[in-house]
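I have a structure here, written as structure tokens, and I will follow up with some questions on it.
Which chain is which? They are A, B, C, D, E, F, G and H, in the order written, and residues in each are numbered from 1.
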Amino acid sequence: MADWQPPASFARLDHDRAARRGYPEAVYCAGKSAEQVRAIAAELRRRHRAVTLFTRAGPEHARAVLAELPDARHEPEARLLAWPPAPPEPTGGRVLVLAAGTSDLPVAREAELTARYLGRESDLVVDVGVAGLHRVLGLLDVLRSAHVVVVAAGMDGALPSVVAGLVAVPVVAVPTSVGYGAAFGGLAPLLGMLTACTPGVAVVNIDNGYGAGHLAAQIAAAR
Amino acid sequence: MADWQPPASFARLDHDRAARRGYPEAVYCAGKSAEQVRAIAAELRRRHRAVTLFTRAGPEHARAVLAELPDARHEPEARLLAWPPAPPEPTGGRVLVLAAGTSDLPVAREAELTARYLGRESDLVVDVGVAGLHRVLGLLDVLRSAHVVVVAAGMDGALPSVVAGLVAVPVVAVPTSVGYGAAFGGLAPLLGMLTACTPGVAVVNIDNGYGAGHLAAQIAAAR
Amino acid sequence: MADWQPPASFARLDHDRAARRGYPEAVYCAGKSAEQVRAIAAELRRRHRAVTLFTRAGPEHARAVLAELPDARHEPEARLLAWPPAPPEPTGGRVLVLAAGTSDLPVAREAELTARYLGRESDLVVDVGVAGLHRVLGLLDVLRSAHVVVVAAGMDGALPSVVAGLVAVPVVAVPTSVGYGAAFGGLAPLLGMLTACTPGVAVVNIDNGYGAGHLAAQIAAAR
Amino acid sequence: MADWQPPASFARLDHDRAARRGYPEAVYCAGKSAEQVRAIAAELRRRHRAVTLFTRAGPEHARAVLAELPDARHEPEARLLAWPPAPPEPTGGRVLVLAAGTSDLPVAREAELTARYLGRESDLVVDVGVAGLHRVLGLLDVLRSAHVVVVAAGMDGALPSVVAGLVAVPVVAVPTSVGYGAAFGGLAPLLGMLTACTPGVAVVNIDNGYGAGHLAAQIAAAR
Amino acid sequence: MADWQPPASFARLDHDRAARRGYPEAVYCAGKSAEQVRAIAAELRRRHRAVTLFTRAGPEHARAVLAELPDARHEPEARLLAWPPAPPEPTGGRVLVLAAGTSDLPVAREAELTARYLGRESDLVVDVGVAGLHRVLGLLDVLRSAHVVVVAAGMDGALPSVVAGLVAVPVVAVPTSVGYGAAFGGLAPLLGMLTACTPGVAVVNIDNGYGAGHLAAQIAAAR
Amino acid sequence: MADWQPPASFARLDHDRAARRGYPEAVYCAGKSAEQVRAIAAELRRRHRAVTLFTRAGPEHARAVLAELPDARHEPEARLLAWPPAPPEPTGGRVLVLAAGTSDLPVAREAELTARYLGRESDLVVDVGVAGLHRVLGLLDVLRSAHVVVVAAGMDGALPSVVAGLVAVPVVAVPTSVGYGAAFGGLAPLLGMLTACTPGVAVVNIDNGYGAGHLAAQIAAAR
Amino acid sequence: MADWQPPASFARLDHDRAARRGYPEAVYCAGKSAEQVRAIAAELRRRHRAVTLFTRAGPEHARAVLAELPDARHEPEARLLAWPPAPPEPTGGRVLVLAAGTSDLPVAREAELTARYLGRESDLVVDVGVAGLHRVLGLLDVLRSAHVVVVAAGMDGALPSVVAGLVAVPVVAVPTSVGYGAAFGGLAPLLGMLTACTPGVAVVNIDNGYGAGHLAAQIAAAR
Amino acid sequence: MADWQPPASFARLDHDRAARRGYPEAVYCAGKSAEQVRAIAAELRRRHRAVTLFTRAGPEHARAVLAELPDARHEPEARLLAWPPAPPEPTGGRVLVLAAGTSDLPVAREAELTARYLGRESDLVVDVGVAGLHRVLGLLDVLRSAHVVVVAAGMDGALPSVVAGLVAVPVVAVPTSVGYGAAFGGLAPLLGMLTACTPGVAVVNIDNGYGAGHLAAQIAAAR
């Protein structure tokens, strides 16, 4: 049987890819044990490298990271930790994140923070559902000043289509698993966003706030 | 083996139910042969009864009906025939039908005509997608004068939610199979309408313009 | 990063929409923390506004609401709280709610109470499955005295179709997640209700008792 | 490469199984070429064996069978051919087949004829939907005289549940692909029948009239 | 608001239907509170009626039943209680229940006991998978002595098809949610059983041991 | 009934939105009759407006457009027509379109042409599947010179993930319906792209070459 | 716009990969035009390379190939062409292909021929369904002499599980789209094969006879 | 009622099949109680037979096995126990197992250990995703020295396709339920692997590390 030796092999941090692509590495915690996450954090500390994000970090993951990197910034609502804690100086265009409802906040916040740690200015506006169009219309100036808009929405996922009809820049749509019944865990907003009748909508996976923020940061990167 | 004798048994027109419920009977043609539809039309002619609608009538079905009931009104776009041709004098409230796009017209038209033949005043407005909010907002007065609004929309099916946020009356949402890919034959708008974040949306089956018009006529009935 | 300040922004109660549409606002608790719900309740108390419903409220949500609004009415079975506790004087037509089985009660009760707090007279009858037709037929007089019938049913969801064949008024069908196996969390009754062979069936989302009661109240509104 | 020799190997008629189980063999034509079906018919003629059914036979399949077995009985509506043409003398109990609508006739007729050729007395009643309960109730005596009831229904598939609540004998439910939209090619009635709230419902595959008739014949077999 | 008075209305035991159909009533516990189940048990005790089954009874349901009906028979593995405890004297034909694997036992046992309390002789054989054909073939005599065979199987659900090829009597196939991944909670065996290439397979809902036993008892009833 | 007057109402070209958002309008032909498309083309000719694309244009649609706008550019493989025929002078960054296989060409070409008519320089490279990594790796320089990469791929849809691992810019992934069986009409690549393990992948609807090209043009727009 | 030059770029035959992996290249025709296929065939002729297979070739594809490579072997039933026509001398172990029914023949034959052209001895046996176990059991010696068994089966797809229980070698299971209703285009046998209760079953895509034959040839390769 | 006597009948260990097929028996623990598993372990101890694996063993199952077979080897991460603890001396070819990410480790490890206990040399390499191609390419020599490669991957499941393009031997692809949202519990990688554009990919059930290892061991068996 192979000489299987953790942690040397179980999660090789891909600093090269990070370097190659110019963006920080992210450690997806959800499928890992607290021990595995702690070992990764320890390795990070030793190597003293650039910004790293810990995503989908539950309380135990967070404790494991903070045990090794006590100064890491922890945002429990977004299940995110960042180290070093200070985000880089913003460059490129501005990222605006909308959350359709309060329940979409964790995902929207994860997107906002990710974009921030990838070097973009980012803002978050909450509770902008299509049921109350005046709220969307009241944001027109804010919307049009952004270089990319991220929209997190569950249930019918109609907001990205409405927003994309109002702006010239790309809209990153992230469906959330908020809702019940025929929302089928985010399937309804996912399909709605994919079939949005307005062009210019870029869809990412359900609840993937990290991916939405990352994509938005790439779109708004300085060229 | 049973002594199987068409047409005496193959499609017993349910005039009693029609009478009992106060609405005309409809003959769903899609699954029937032209011969079967013609036999039903012939029986209708003999009995000289009240309004009957033939729905989902293809060209051959239409020819079969017109062979027996030459004065029937035929609306090919809505795949509908009505006999006798004159709709009843309108009573009750007004039904407004919106089609999100041109491709939704056949379904929207079927709804409009059904409501009309069930005794309601009805109007149709086309091409009112959420991608151009100004179109929806430009209809506010018309929308608010209706007693019920029917919305036919494919793709993301976001329009009913937006409309329901603008009016106090019920919105009957009919998803259409317009679209491709992740629209999955109308599944995307169906799920979107069922999970609409605005209350007051009544959903019917995909492409079911007849059902939408019937339900709207019941909602707007005089009491 | 945006200056993110809860609770000022995280859940803007849409009193304007409520006013505009003429119906009370509802706070969907399921995706919110107890703290968020409590902050909303506190804001309500300060503003002294009209009827508000708290839906999908678990025990912690209920405690949070009652801490701020001690006189709110709490109906645990329906996971509902209403404040102020007294429903408005009924106007418009009568809403009749049927629950196919005992397990459908929470959803049916949520519908009944919602219709009541939106200003309609409403009644609830339980255990009216299609397996025992005599029960349905024994309700004919009650059914025919209603202005709209809400039917909550899980498993095969056959009851709305049967009821719609017996009455002239609209039937609001709410599928429930009651059942197992091929019920697929409410998918089976949802599809059954959407394809009901009787016209006049308005479908809402699985387990959406609030939406069913709201739609029924709109249909039965005085004109 | 194997010495591949049609027709000796491409469809070995399983007379042994037929003999072993006591029921005629059936040749499922849908996936076979007319040439393959003709070769099977020729082999049958040579061997002079007991009753064989050709199911799902399109016009070309039928021509192929009749070319070899000119006296075979052909029922185009049920896409069935039987040879020899005369069904056996009935034994066992009576099979009653109900078709919810005219569009369900082909499937219902296939079930009726299959049961007949497997040796049962069988009858067919058409257009017995749940939308008109009086039709179902008007059949009570007929229903209660059968030893098994086959119900073919599309759309919501609610009829078997209603029928099973009225009789003591098993109900064989065969969903049909009649319907559109959320009927999803028979998925809706299939799920509805599987989750029927009345026990005593035996479900077979969508459009499987042959299987329904076969199962009914087995249930009603003399013991 | 309706004067809602439990327990008079929340679960009307349908003794008439039971009487009418000749089979005991069953109380499906899964969706009911322990209090509701206890109230039903108390009502049963007062009325002193014939056999009643409590199905899908968890530990709390069982305690509730036994508090009112201390002599009820409780079979925890099958989640079943029966009262009065003694099954009726068997009549009709013999029911044989097969469980493909040990994990299918709870469902198989529920079927066996249901058939027994509905008045049939019934036996259970466990661990008869298609992976070891010799086990199936070793049961040939037992199989052929039954009047109906119930087969409970998860995963690929191939066993009913194999068994139906060996016997002349109907096979009641009950898919179980045993398995993982592509078994999709019983969908795989459900589809496999519905498309079994052998006729004579009657399918019931996933994990529906009660329904399988009930149907088998009806099929094997004395005539 | 409303005075329904085509073509004034059936397809209101949304020049305002086009102007507002700064991109040409597109006419989706798939759901429209040749007559409807011709009427739109005639209106365009009269108004002499800026660039318009006709997408999903079958042969009859193309004839209808060319009858009114004989100088329109027609690209049958991409089912696209553009009028006026000359694309605008390129601005902004470069768009690179990859087609995983020859069968993905129509979609890839639609993306390339759309980006070109929206004002970007665009190139197309075909047959770059993951099965032959050397092909992808041989394109590294080309890939890294683009400001956005569009990847059209069917079957497993693995290419976008591989490409996104090699570049720093956003990847627009468009799943195609190429493939059979478990590709389920594009569902497999759609899910694969949504769950790509590399961040920076923006997904659009199945076969939506137009949407992919539009989104890419927005991402690569000059700022 | 890129200087797009077919055919130089539209389908680069991957001879390198073929060489690298040691197996012939295959041209999947289904998504290509006859012209594209002919251009590939012409290129092949010019380069005079080793064995190439044209899979999923319809009549027009076949004509195109034969126009350039008149001596190619064409097997219409398997929709396959091979050039040069003579298969290589067999090496490695023997491949046995089973077709559950006649309708599975095209897929099974494609597997048999693919394995043959990849250099294995291969045989085909047809009509070996689980409904007649004696057929399977009668093949025991043949089964046990093979180095790998390919099983093509539609409907319930139960055969691979049964076969894998009888042999020690791997079983390659290829689900076919044979069947209707709940077979859902091959989904039922696909799920059945993936959840087969016997280990040793390797599943490939629905109707993928080429893939099954290729995998079998690799498994049985000489080492 | 049958005289039901556990454990004699509830889980007949199929030593005959094991012997017949030449591979150890496996006890799937997931659906069994700790008591049932302990009884099986006790029986094993008494009979002193060859290697047996306990798969999907939770902590309670492990305790039950170790109570009877204290020297059994327990690998908690792979949820596996083996008894006797020493694997057999390796024969046949080498099995290489790749885990795309750390979260795929439990499944990959189950595959590695299974292959080892079935008599093959086996190795495991972790964290080889397609997002970082250099990792895959860095393994070329290792890959090409294996007789079969097992790839465990969740999310998009793209790795097997890439690997199969680099080696001549079969690739056993095991999708994992790692991921969220559109990964749908492993459906996304399952479909991706089934539609891999490279031939030579053998797919097994989601999370079925045991099945993957078993199949690999059969493929790499000495001949």
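As a convention for this text, a residue touches a chain if its C-beta (ideal position, glycine included) is under 8 Å from a C-beta of that chain, and two chains touch if they have at least 3 such contacts.
Computed from a predicted structure; not experimentally measured.
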Check: Quick one: which chains contact subunit B and subunit H both?
Finding: A, F
Check: Which chains does subunit B share as contact partners with subunit G?
Finding: D, F
Notebook entry, point to check: Where the centres are mean C-alpha positions, what is the separation of subunit B from subunit E, in Å?
Noted result: 44
Check: Using CA atom averages as chain centres, what separation in Å is found between subunit A and subunit E?
Finding: 49
Next item on the list: Could you tell me the distance, in whole angstrom, between the mean C-alpha positions of subunit A and subunit D?
Entry: 56
Next item on the list: Find every residue in subunit A that makes contact with two or more other chains and list them.
Entry: 17, 101, 131-132, 165, 181-183, 190, 194-195, 205-206
Notebook entry, point to check: Got a list of which chains touch which?
Noted result: A-B, A-C, A-F, A-H, B-C, B-D, B-F, C-D, C-E, D-E, D-G, E-G, E-H, F-G, F-H, G-H
Note to self: So in the complex, the part of subunit B that touches subunit D is made up of which residues?
What the structure shows: 1-2, 4, 9-12, 14, 16-17, 28, 30-32, 36, 175, 177, 185-186, 190, 205-208
Note to self: So in the complex, the part of subunit B that touches subunit F is made up of which residues?
What the structure shows: 87, 101-105, 109, 112-113, 116, 122-127, 131-132, 134-135, 154, 178, 180-183
Next item on the list: Write out the stretch or stretches of subunit A touching subunit F in their complex.
Entry: 17, 20-23, 26, 93, 147, 165, 167-170, 172, 190, 194-195, 199-206, 210-211, 214-215, 218-219, 221, 223
Notebook entry, point to check: Which of the residues in subunit D come into contact with subunit C in the complex?
Noted result: 100-101, 129-133, 137, 155-158, 161-162, 164-166, 179, 181-184, 187-198
